[in-house]
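Residue numbering begins at 1 within each chain, and the chains themselves are lettered A, B, C and D in the order written.
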Amino acid sequence: MTSYTPNEMMTVAAARALKSSDVCFVGIGQPSAACNLARLTHAPDITLIYESGTIATKPNVLPLSIGDGELSETAMTTVSVPEMFRYWLQGGRITIGFLGGAQIDKYANLNTTVVGSYNKPKVRLPGGGGAPEIATSCGEIFIIMNQSPRGFVERLDFVTSLGHGEGGAYREKLGVTTKGPTRLVTDLCIFEPDPETKEMIVTSIHPGVTRAQIEANTGWRVRYANEVVETPIPRADELAALRELHARTKRAHGDQA
Amino acid sequence: MSQFLSLAEAVEATIYDGDTVAMEGFTHLIPHAAGHEVIRQRRKHLSLIRMTPDLIYDQLIGMGCADKLTFSWGGNPGVGSLHRMRDAVENGWPTPLAIEEHSHAAMANAYEAGAAGLPCAIFRGYIGVDLPKVNANIKRITCPFTGEMLAAIPAIRPDVAVIHAQKADRAGNVFMEGIVGVQKHAVLAAKRSLVTVEEIVDEFSPRTLNATILPAWTVTAIVEIPGGAHPSYAHGYYMRDNAYYKAWDAIARDRDGFLAWMKTNVLEKGPEIFAAQRQRLAAA
Amino acid sequence: MSQFLSLAEAVEATIYDGDTVAMEGFTHLIPHAAGHEVIRQRRKHLSLIRMTPDLIYDQLIGMGCADKLTFSWGGNPGVGSLHRMRDAVENGWPTPLAIEEHSHAAMANAYEAGAAGLPCAIFRGYIGVDLPKVNANIKRITCPFTGEMLAAIPAIRPDVAVIHAQKADRAGNVFMEGIVGVQKHAVLAAKRSLVTVEEIVDEFSPRTLNATILPAWTVTAIVEIPGGAHPSYAHGYYMRDNAYYKAWDAIARDRDGFLAWMKTNVLEKGPEIFAAQRQRLAAA
Amino acid sequence: MTSYTPNEMMTVAAARALKSSDVCFVGIGQPSAACNLARLTHAPDITLIYESGTIATKPNVLPLSIGDGELSETAMTTVSVPEMFRYWLQGGRITIGFLGGAQIDKYANLNTTVVGSYNKPKVRLPGGGGAPEIATSCGEIFIIMNQSPRGFVERLDFVTSLGHGEGGAYREKLGVTTKGPTRLVTDLCIFEPDPETKEMIVTSIHPGVTRAQIEANTGWRVRYANEVVETPIPRADELAALRELHARTKRAHGDQA
């Protein structure tokens, strides 16, 4: 059994939730690694879509930006950005939207806009990009984030994209018909929404991680499912595929990766 | 009808102080050379628009060309913050920068509505989020058939759109392919347009029946600048200069270092420096 | 995910009595073979939608398949009237036909809104004309930013879209080029779709980066029918059969003559007759 | 001096009003013949756009339908029909819209919908097609129609597309900023709008045509400009180009043309 890093565990755990039949709206960075790992292992026919307009792209190396030439070269086709957001995202054709964020709360609402007040921010973050409409237009949302007390907060400074709002039937009350965040994968564990309250509760803990560690890295009082399982460790083939992907990416991009 | 001009002439002819300017490009085909000329010509009080402002907007903002930025994602992709943009927003240096912030979907729809000659765009968005609280240009409209509440935003109708494309032909028509972003929409939405291209050709060939082409009568000025998108890339010509994006982080972090870099690399240079970058990064 | 089926199976799987059906094609790539199969399977109470209903809709209407027609220009291009459509509208033969009439701009926008998942489309149109007086689905909406009154119409969201395209690959993706009309929009707007193609290929090549392709997961059923657009045409395969369009005028003028022609040429035939037409009209 | 038919006179007179700098939205039939004649004679760089999506097309023969393959093959590019109506027509990029019609009134409003009442029509015509929005979105409108008492009527049964409405500032009052019909070319004469009332008045009469003939073929009381000129007869080169175009078309389409 090989050893693996928490980041590898996170990426593998996220990848496993994807199926060959999924049509996935992929963000750059950790979501992209997880989605391409799924494609290279158990979900070879998964459709990956990047907001730059590339449909069914099969990059051989991980893109460094949302619009790398590799994405367009290996895509089935590339459409304009307005078409992407109108026909493909808003049109309801995406099954999974894959998001990250700077801050998340217990209902999986995300903040990538500002820390502090909007008009006098402590930290000005990049902004929402595609997230606000990805969060409500995709069939469901997977989130991948490293866990930390600064990132996992009791109250967001700014709601950039909607998770389960204030919980319960919040989304339905706003007229939203999609499921919202159904899975939050971190470097420590997996959260899923409580069926009633929609609070994100821990359902699976990565091997070697303690509840105390999770709680120390979460700004809200963590709740657990009645049955919490241990996340199966990365298999050798999963690790090999992920490491080869990263190695190919490094060779292609050199120091730039 | 498009005119072939030098870059200096083209910027003089199309971009004026106080203009609303959209320099578009979604990672691919970002018009860096044109942006540098705007800085050299010391344009002031521009209202900049772009979905994904990155280095060229950081440079324009840091050099005091802009009063306002309308955007949906502002960062150095894969690297981090735009330090000049943050300094302007957080500290008003070198001049205060007002921001109007949207989502990608909103801006994509707003460009699309601009190209379509409409005053506003409607879409399903901004649900359950805070941006409408801080952006008065986000309103709601009710579908008269279903009663559904949709988001409405003003169309983007810039004074001038600036883009980079792969080719122009000698009649002044412009061809692009690959990740085409919102560039065609931006040009069609704008009153004037400046297009830099990798090369001017006799014919777009092999011609496909549905190629993305802007006819000459939709374009104001065309300038041939090989490598003009660097450090962005031009599909079929050269790759993205990822090292330049990474290096920018340190350059832009410090006001004096930034100003010194701009003096050496932009103010004292001309568009001819881009060709060397294209040669260096040309795909094998 | 698209399935490869026979034409009979495909019509059974995708088109039901009472459905709202959009068979699209703007002169080019009209799905005649599929329309014939709908007639053979005796579908009833269809609500037909098409910007430019021509011969295949005249046949469907004359055979009593349709209760309603939504359209913007109904005629035999360059020839004259659609006699079966007029007989249904004017005399209720063989069954009354309700009509919902729009302009091209309205229908193009309504398909576009359907593809975009919106409940309605807004556009600048129907100004100073009489159609809004006779079509309750034309409303007005006020731009919340400028106060301009715009036209609003419901999005088109058919139960099923039927189109003809040049190629499918073995994974069930669909490629088209040339005059592409509203076919991609119709498929994306519809709940189900039936696509007939000239041929099934290993690869779309030469592949261009921005080709018009419908991924397999947007299509319900695919049928290979060489010549399946005849008497319309398929760019790269065969020309339009203008003589057939002219001959139709006399065939359709008379009820009995029409019924006899349909019996001989449609009811007693199958999709295999289209291949011969393709061969006859193949470009030199 | 060669002889010519009234139809040739009409087509030539319509073609002459077009310039190389025009971007023209072309209807099938007589408008298409006039626009292509202009392109083949004095306006070689004119941009012809057909509503099927073909931009800057240069057909060698006249198309029989709005979507002939010839149009796409010889076009600079072909766009989808929604794009055509949204970005190109509604976007305000067309200088001249070229229309025909079944019925016209003295303010150049057109009817191509029904003769008789809408719900119980005497004649059901094909409908508006692109005309309603062509009439208001193009910079100006040229109309080409054979003159007859049935076609040139005092009152339309149905207003399919807006001309000058009820005259005067009618278009402006509706918020329309384009000029509307500035030229109506028939087989007998040329009408242009009176600058004030916007009634279409005769400004040029084709050689050999009398005022009595015009009046006998017009359902409203015809008014004439203060100075009515005689339409210059078709030049030999114009007639040659037009006849060659029709001959090429006939050779290409055979009996079908």
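Rule of thumb we're sticking to: a contact is a pair of C-beta atoms (placed from the backbone, for glycine too) under 8 Å apart; a residue touches a chain by one contact, two chains touch by 3 or more.
This structure is a prediction, so every number in the text was calculated from the model and none was measured.
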Chains touching both subunit C and subunit D: B
Interchain contact steps from subunit A to subunit D (minimum; 1 if touching): 2
Most remote chain, CA-based centroid, reference being subunit A: D
Geometric centre distance via CA averages, subunit C-subunit B, whole Å: 39
Gap in Å, rounded to a whole number, between the CA centres of subunit B and subunit A: 28
Multi-chain contact residues (two or more partners), subunit C: 116-118, 123-124, 148, 178, 180, 185, 209-212, 235
Shared-contact residues (touching 2 or more other chains) in subunit A: 72-73, 78, 86, 90, 137
Residues of subunit A touching subunit B in the complex: 28-29, 51-54, 64-69, 71-73, 78, 80-82, 84-86, 89-90, 109, 113, 118-119, 121, 124, 126-133, 136-137, 158-162, 165, 170-171, 174-176, 253-257
Contacting residues of subunit D [partner subunit B, same complex]: 21, 23, 47, 55-56, 72-73, 75-79, 86-87, 90-93, 137
Residue ranges of subunit C touching subunit B (in the complex, touch as defined): 116-120, 122-124, 137, 139-141, 143-146, 148, 150, 152, 154, 177-178, 180, 206, 208-212, 235
Complex contact set, residues of subunit C against subunit A: 1, 115-118, 173, 185, 188, 209-213, 215, 217-218
Contacting residues of subunit C [partner subunit D, same complex]: 26-28, 51-52, 71-75, 77-78, 81, 85-86, 89-90, 101, 103-105, 108-109, 111-112, 123-131, 134, 148-149, 178-182, 184-185, 233, 235, 239-240, 242-243, 246
